[in-house]
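Pasting the structures in now, so scroll down.
In what follows, subunit A forms one complex with subunit B and a second complex with subunit C.
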Partner chain A sequence: MQAVLLLAALPMLAGAWLPWVLLRPNRLAPGEYLRLPPVWVAALLVLALLPLAAARWRPALTWVPATLALLLAVWLLGTRTGAALVGQAAFARASAASGAWLTLLGAGVALYGARLCTRAAGRPAWTGLLWAAGVGALLLNGTLSNWSVLVEARSEGPRWVQELAQHLRLVSTALGLAVLIGAPLAVWASGRERVAAAVLGVANAVQTIPSLALLGLLIAPLSALANAFPALRSAGVSGIGVAPALTAMTLYALLPVLRNGVVALLGVPAGAVDAARGMGMTAAQRFWRVELPLALPVWLSGVRQAAVLLVGVAAVASLIGAGGLGTYIFKGLQSAATDLILLGAVPAALLAVAVDAALRGLETLLGRRLGRAA
Partner chain B sequence: MNAARRTGGRLGNWAALLWPALLLICLIPGVLPGLINPLGLGNVGAFEPPLWRLTLTHLGLVLLSCVIVLGLGLPLAVAVTRARRDALRQLAETLVGLGQTVPTLAVLALAVPVLGFGWAPTLLGLIAYGLVPVVSNAVVGLRGVSPGALDAARGMGMSARQRLWRVELPLARPVILAGVRTSTVYNVGTATVGAALGAGGLGEPIINGLSQQNTALVLTGAVLAALLALSLDALMSLFAAPH
Partner chain C sequence: MIELHHLEKRFGGSLAVQDLNLIFPDGELTALLGPSGCGKTTTLRMINRLTEPSGGRVLLGGQDTRTLKPEALRRGIGYVIQQVGLFPHLNVAQNVATVPDLLGRDRRATAARVDELLDLVGLDPDTFRHKRPGELSGGQAQRVGVARALAADPPVLLMDEPFGALDPLARDRLQDAFRDIQRRLRKTVVMVTHDIDEALRLGDRVALMNAGRLEQFGTPDDLIYRPVSDFVRQFLGEDAALRQLAGQPVGRFMVALHGPDGLQPGRAGTGGAASPLPAVAVEETLNARSALSVLLREGTDRLTVTRGGQPVGTVGWHDLRASGPERP
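For the complex of A and B:
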């Protein structure tokens, strides 16, 4: 724990000294770096070292200075960007500079270390989530509203929500299709060794191909298809846009769904199946009431891997006109606007983490339910 | 599953020669445009820079990141798997899990504000992303070494350093190599996306083709990138194959 908290203190100590705010006359122009007032530098330095001290003498309370450090960093980011913009024109932007990022990173690691301390001390884990409530409150009461990324988000507003919805739509549609195709295929293949090897081999090769290349490879056949059958074109099939993106994403998601399905179904203990047979269950009953419930937790982890993968591929898919959060990333890259990049990249990363956590929770829940039922 | 692995192995040996051969054929000047132009999707002329140079840039980025990843990842994995470093190991595992979750494009794009455009942010992204499978596999491999083997080594009077070099690393080698293979193949894909940051490589024709609405150009880059990934995967399966 000491080592983790030391790793947390180093970026915070450096971050307190480094410039915190970059003030630019507009969102593209070069700007000047502003440092923190000495009082706040001192406060940050103390808060950087406090978790280390706490872990030494009061391990169960390490979460207090760690949470305070993160909240102070977020609050400082909000107030310092606000202070920097006083008396500036409306186009001026105040964004976070290296000091702010390093401090936030260090505070995050400190919170992680504090959670380990809480767990080692056998205390309840809810204290580890207080920081989220604090950051949420700071976001809602407008403390952060002068930070350049949120200024950009405000001006994008409803369009940003649309792109987020499109991202979610792409991911959920491709995941649904992959499960619809992959589940029966896995059940069919799991009984046949040769088929299983062939199916997994093909799915493996597909996953080896870079996502951008796969998207590119699908443009030609799909546009040819749309040219040959005008009916398909009116149904939305074309070389560019949602159709090739969904096709590529579905192919990509098939491998984890298939692989974990086959592995899970083959992993069902033969004794359980034998016992079911001995009880006089038909093949259908055995599948639905014994094999599937036993295989489901492992299978679901494959679905989770697929979902996380798809959040990333969907970001790349905006390059072929499928929309989604990647739109902001590429728009930001083209115009060298950091805030736009952050507006796409940070939500995409958070979305992937959230999807992962949600499906992980579902897995444990299901595992517990099925464990009790068995 | 055993049968699957066996068939895969035999198929792998065969494909290990097939994919690189196809890649080399496609790189002969005029071959790929000759194949793609008759499809009527657009026109591909002579490339500037030529295709083989783009492929080399791509391969160079991937291999350079691979070397750096090994140099950083292996010592890291060894350091966090020593005794009484559970907290550090958990931190490393959490970070690696996070790296697996966060989209590649987000990592690459976030490196641009720090490093500017060009190959530097792509290399950083490749290293960050390539570390994930190497570190996680090395940790799994090193922790999977049986305590019996370590006890025996200790009983023979080996020092901690000797145990690491002569027992732990050799026993963990197959798992580590599998991680290197995954990392390398994924990085071919990541480097393709890196073309959007100006890194060059085989993503360049894809992205240029998309913006010029020239499907033939897209296809050229996509075919070569796919072949490069399949070639590296097949070649590395020869090294990583369990003996």
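For the complex of A and C:
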């Protein structure tokens, strides 16, 4: 824990000295770097070291300085970008510079270290989430609204929400399809050694194809299909767009769903299955009452892996016109506009983390209820 | 009563069980004994059709088991296996209630039945009802396994090496507990075992199998004192008689004292009336093999048998041979 907190203090110490804000006359022009006023540098230096000290003497309270450090960093980012823009033209942009990023990184690591301290002290974990409430409040009350990424977000407004929704739609549809196809396939394959080997081999092979290549590979067959059957074309199938993206994403998600399904079903204790048979359960009763409940926690972790994978692949899918948050990433890359890239990349990363956390929670819950993680 | 008629099981080209004819009497425990690979487990699994016979018939209470749906047949037969096979995601009570639930029995009656069964197998219901299988020791888990098999009160119980995976101490205790349960319930039990001691100790009858065939079927005494083949003699070993004695308390063999006068009763073949009690005494719960060892060690012909320190009878060489071939 000390090591983690030391690792947290170093970027914060450096970040306090480095420039915090990059002010540019418009979003593409070069600009000037602004540093923090000495008072705030001092405050940040103190907050950088406090978690270390707290972990030494009051480990259960480490979360207090760590949370404060993060909230101060976010607040400073908001107020300093606001201050920089005073008297500037409407096109001027104030972005976060290296100091702000380093401090945020350090504060994040400090929060992680604080969580370890809290757990070691056996205290309830909710204190580790207070920072999220604080950041949420700062976002809502407009403190951050002058930060360039949010300025871009505001000008994109409803379109950004649409792309986010499209991203979620792509991920959930592909995941749903993968589960619908993969679950019966896993059940079927788990009882047959050769089938299982073949199915896993194919899914493995698909996984090794880079996502961009797979998307490219799908253009030709799908456009041929659409040309041969006009009915399919009117249903939205074509070489580019949502159809190839969903096809590729479903294929990608299939492997984790299948692999974990087969492993989970084979991992059900043989004794339990034999006992179930010997007590007169039908095949269906055996599956629903014994095999599925026992396989579910492991299986779900496959679904979680698939979901996280899909959040990433969906970003690439925008290249062939499927939409999603990837649109901003590629638009930003083309015009060298960092703020636009962040507008796509940060939410996509947060989405992956959120999906992972949500499904992990579900896994733990089920595991506990089903007696696995007892 | 379970009857096997010309039962046969073929796996590929080889016969695992051939022309097996056996009758398991009602209310008795029959041990299916034999070296590994002799077909005893296959035979057991053909009774509840976990393995379908290739030929022959199994009659359960006179009814051909092929006329029943396998699931219906199995719900009427208790089943205990070496791996125990408790469902790890369900608690003890839910595990025990499995078959009554499958049969659609009333929930409240089942809950009462579960408590009764946990009591029967020596587990306190209040302590164990809500535990998960993962929290139980091996012995406790198999006690739950036995309770689960008995839950729907089936007349027949099939047990496949039920105590095979336990450490010796737990196995002894569970064997004792199960013998008491069987004495009370009088189920028709078929127990597969490769453990000769277990077969001699628990079995009312023993069916010794070899290479898919029945070698001998009889009481433990029959097998020990009247083996029908060299294989039976060799399989039981030269110390079979001692092994059988080891499974029984010396109290079973003693000649009881008639009255509280402290005098030995007159007895044909062992000498005169009213001789004083032997000097060396053993408690009646001591196993008979140890009592025999005491006789050898002390170089004497008779021992006094005591209950709580009070003499209640005597025992000598001839008495320990009582189950042997030349009954005095």
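Note that the second predicted complex is superposed on the first by the 371 of 374 C-alpha atoms of A that agree within 3 Å, B and C clash if a C-alpha of one lies under 4 Å from a C-alpha of the other, contacts with A are read in each partner's own complex, and residues count from 1 in each chain.
Here, a contact is a pair of C-beta atoms (placed from the backbone, for glycine too) under 8 Å apart; a residue touches a chain by one contact, two chains touch by 3 or more.
Everything quoted here is computed from the prediction, not taken from an experiment.
Trainee: Based on the superposed arrangement, let me know which partner A:I341 touches: subunit B (first), subunit C (second), both, or neither?
Mentor: first
Trainee: May I ask you to name which of subunit B and subunit C touches more residues of subunit A?
Mentor: Comparing touch counts on subunit A for subunit B and subunit C gives B.
Trainee: Does subunit B (first) or subunit C (second) touch A:A220, or do both, or does neither?
Mentor: Once the two structures are laid over each other on A, A:A220 reaches subunit B alone.
Trainee: Considering only the touch criterion stated at the top, classify A:V64 as touching first (subunit B), second (subunit C), both, or neither.
Mentor: Neither subunit B nor subunit C is touched by A:V64.
Trainee: With the two structures laid over each other on chain A, which partner does A:M281 touch: subunit B (first), subunit C (second), both, or neither?
Mentor: Only subunit C; A:M281 stays clear of subunit B.
Trainee: A:P269 contacts which: subunit B (first), subunit C (second), both, neither?
Mentor: second
Trainee: Is A:R194 contacted by the first partner subunit B, the second partner subunit C, both or neither?
Mentor: A:R194 sits against subunit B, while subunit C stays out of touch.
Trainee: If you lay the two complexes on top of each other, which residues of subunit A touch subunit B in one and subunit C in the other?
Mentor: Residues common to the subunit A contacts of subunit C and of subunit B do not exist here, since the sets are disjoint.
Trainee: Going by the contact rule set out above, which residues of subunit B touch subunit A in the complex?
Mentor: Going through subunit B, the ones touching subunit A are 1, 3-4, 7-8, 11, 39, 41, 85, 87-88, 90-91, 94, 98, 100-106, 109-110, 112-113, 117, 185, 188-190, 192-193, 196-197, 202-203, 206-207, 209-210, 213, 215, 218-219, 221-223, 225-226, 229-230, 233.
Trainee: Which positions of subunit C touch subunit A when the two form their complex?
Mentor: 48, 50, 70-76, 79, 81-91, 98-99, 102, 132-135, 145, 148-149, 158
Trainee: What residues on subunit A touch subunit B, complex-wise?
Mentor: Checking each residue of subunit A against subunit B gives 1-4, 7, 109, 112-113, 116, 193-194, 196-198, 200-201, 204-205, 208-217, 219-220, 223, 239-240, 263, 266, 308, 311-312, 315-316, 319-320, 326, 329-330, 332-333, 336, 338, 341-342, 344-346, 348-349, 352-353, 356.
Trainee: How about subunit A: which of its residues touch subunit C in the complex?
Mentor: It is residues 269-282, 285, 289-290, 293-294, 369-372, 374 of subunit A that touch subunit C.
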